[in-house]
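I've put the structures underneath this note.
What follows is subunit A paired twice: with subunit B in the first complex and subunit C in the second.
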Partner chain A sequence: MLPSTLDELIEALRCLPGVGPKSAQRMAYHLLQRDQRGAGRLASALQKALVVLRHCERCNAFTESQVCQRCASSQRDASLLCVVEMPADLAMIEQTHAYDGLYYVLMGRISPLDGIGPRELKLDRLLARATDGVVREVILATNFTNEGEATAHTISELLNARGIRASRLSRGVPVGGELEHTDSGTIAQALFERRAL
Partner chain B sequence: MLPSTLDELIEALRCLPGVGPKSAQRMAYHLLQRDQRGAGRLASALQKALVVLRHCERCNAFTESQVCQRCASSQRDASLLCVVEMPADLAMIEQTHAYDGLYYVLMGRISPLDGIGPRELKLDRLLARATDGVVREVILATNFTNEGEATAHTISELLNARGIRASRLSRGVPVGGELEHTDSGTIAQALFERRAL
Partner chain C sequence: MSPKQRIDQQPAFILHSYPWRETSLIVEAFSRDHGRVALVAKGARRPLSALRGVLMAFQPLQLDWSGGGEVKTLIRAEWQGGQPLLTGRALLCGYYLNELLVRLSAREDAHPALYRAYATALAALARGLPIAPLLRRFELAMLRELGYGVGLEVDAESGEAVDPAGRYVYIIEKGPVSAPDYAGELPTLTGRSLLDMAADTFERPETLTQSRNLLRALINHYLHGHELQSRRVLKELQEL
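Let's turn to the complex of A and B:
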């Protein structure tokens, strides 16, 4: 017995990840009751984003131009290409100020359960990018989850077959981490990948 | 170094309750990458809702007309007025099929921490509604939280001062509940409000 406009809004909010029927209802009431200005701003931000944003031709991240600022910059080392799953991962690496190469954003990971394989990830686009003759090394910085590991593995095989060097972020005990509070899988990996001093 | 359109979308998504910077980012990428159709539908649902929905003059719930279907119905007992905090509470009571009176939706609760007092809740509108000469009893069905209890208490005092009968949902052990798994506060209340058989 809800008005249909309200029903439609609640239903539309459910397209947001992690939002079920209850939260969608709560969000709708919050927007209508307490934040109509925010709701209006959200509606126009969505519409503008849908029109204006596209994928950078080189790194696949979202941008308003054909090639994003970072890829167009002459300050970055174009021989290094770091592959991440999502733009948020790219932001984390940028925050370290320890990397001055370029990026490729997969916008996902290989995930058979969600029906996302090499084709859905458009890995051929990444391969074309990595074989441009300038890239000397591809650093695979996907997550260390099962899906991220599988993605890195798949990409490294494709790159090796084309004679491109692939590397992977190291695994081990976090900086500042205490062994007592580190899970045994990580410790085992840190032992296995121990470095000579 | 995110494109400003994307920044604006992420910022706009933060108006949703319970959505912080990380979830807002995740939502934005999800919408742009995986569900552009959903994003477009959300934008138009928001805009339509902002234009079309208003508060029912009688029960304060959202409606597309001046008076909502329920308040306009002749099938309901107009002498009973059930006061709830939110439309979701109303829906829960309707689901019981145990109530055929009318409702008044506060659209909130007294919450000094959020700066919401009797004035912000517009309790004078509720009082005007309850003193229309037809209502014989006001059932206070606010939540049994501290804020809901305070709200019920405040309203009952205002109603009593105007000679209107107020009642409150009973508290006790849930139907089907086992004492072993019921919190002691509820059991204490169930003892205190025990009924003669």
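Let's turn to the complex of A and C:
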């Protein structure tokens, strides 16, 4: 029998994605036996994050203040709003240096079979944000998976009903891509969605 | 546990998938000759996995797998192509079809005719054909293929052929019963609508509305109180 405190720790670690009983046990032993200082740092960082971090009122990403730095910046074009699924997607778009508007992070995607719909995603918050009178165009940059596509469709319907222009990232053969080495699904969709020159 | 076997080049669609361990995926596939199977796609969530873009729902695939347990191991997945990705409302309806199959079909129960009905419905969705008739056609084909008898042509009480001019109330697990003046909770249909359904023609508006009510009642009955998430999402969307 394991002491109950250890049991509790192992059980708690299992809340992490992809961590089963075996990995949780390994992590617990490692933290207690090999890296007590790391364990302390983890505990206090987690505790602090839970208290300090919250969702930005405007973009829904994590921030320590009511409105995050990016949303508060006067350098950015407030008439453009780019909707992404996760903070990692936001970081990727920032890296392009091709966009100077603002963002809204959904923190998920619509997935009907997992029971995640407009209510779970709190789309009413996005709608309130997009109808602030300043936003003129909403760019839907959700992933090109079925779920991302369903999310983009749902949001665009809601925005169009409110008279706000919605656009979608275009999709096709990657930049510098050669047809010979591109997967056939991508080429097929690029054919279906070809454009006039 | 059945003996370990290998299945090659099996036509299939992915119904649903969810993450498993760090980098893998468990997919629920609907195959032509082996019905619904659960497969683990090892490493499919790695950034450069070749499976990543292939294991998408609503696209015709060919799968190889092996294993004897409940969850088998996916060996190969090949994209068959020829069908645009679903978009818009058709995509949301595609999820509805998938949820019906996940909830109502049993694992490893072969239903080649249901597979054909599903493939036909998806192709019609992808081509942008009117959605309501194709959903009704699929729902009816699915219930019948899964062995839920849906009597449409004979009055379940009198044993007489359904009269196109008559009015019927549908008693689940029994069939249509002539009831000219019924005004209650049970689905009611005209004889004409019942015969349209039996003939697989969903063109008249009345047939569409009445068959929709009947099929919904039947599906709810066989779901035993389980709420369909895809239906809830569609409803929420209309409310926003």
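Here is the rule we go by: the second predicted complex is superposed on the first by the 194 of 197 C-alpha atoms of A that agree within 3 Å, B and C clash if a C-alpha of one lies under 4 Å from a C-alpha of the other, contacts with A are read in each partner's own complex, and residues count from 1 in each chain.
We take it that a residue touches a chain if its C-beta (ideal position, glycine included) is under 8 Å from a C-beta of that chain, and two chains touch if they have at least 3 such contacts.
Keep in mind that this is a model prediction, so the values were computed, not measured.
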Looking only at subunit A, is it subunit B or subunit C that touches more of its residues? B
Tell me which partner A:L158 touches in the superposition: subunit B (first), subunit C (second), both or neither. second
Examine A:L123 and indicate which partner it touches, taking first as subunit B and second as subunit C; both and neither are also allowed. second
Of the partners subunit B and subunit C, which touch A:T145 in the superposed model: first, second, both, neither? second
Have a look at where A:T186 lands relative to subunit B and subunit C in the superposition and call it first, second, both or neither. second
Looking at A:L113, would you say it contacts subunit B, subunit C, both, or neither? Reply first, second, both or neither. second
After lining up the shared chain so the two structures overlap, which partner does A:P17 touch, if you call subunit B first and subunit C second: first, second, both or neither? both
Which holds for A:P87: it touches subunit B only (first), subunit C only (second), both, or neither? first
If I apply the document's touch criterion, which positions on subunit A are contacted by subunit B in one structure and by subunit C in the other? 17-18
Spell out the residues on subunit C that touch subunit A in their complex, using ranges where they run on. 15-16, 18-19, 21-22, 53-54, 56-59, 79, 81-82, 84-89, 91-92, 94-96, 98-99, 102, 229-230, 232-234, 236-237, 240
Residue ranges of subunit B in contact with subunit A within the complex: 1-6, 8-9, 11-13, 15-18, 22-23, 25-33, 35-36, 38-50, 52-53, 62-64, 68-70, 86-88, 91, 94, 107-108
Can you list the residues on subunit A that touch subunit C in the complex? 17-18, 20, 110, 112-115, 117-119, 123-124, 127, 145-146, 149-150, 153-154, 157-158, 183-186, 188-189, 192
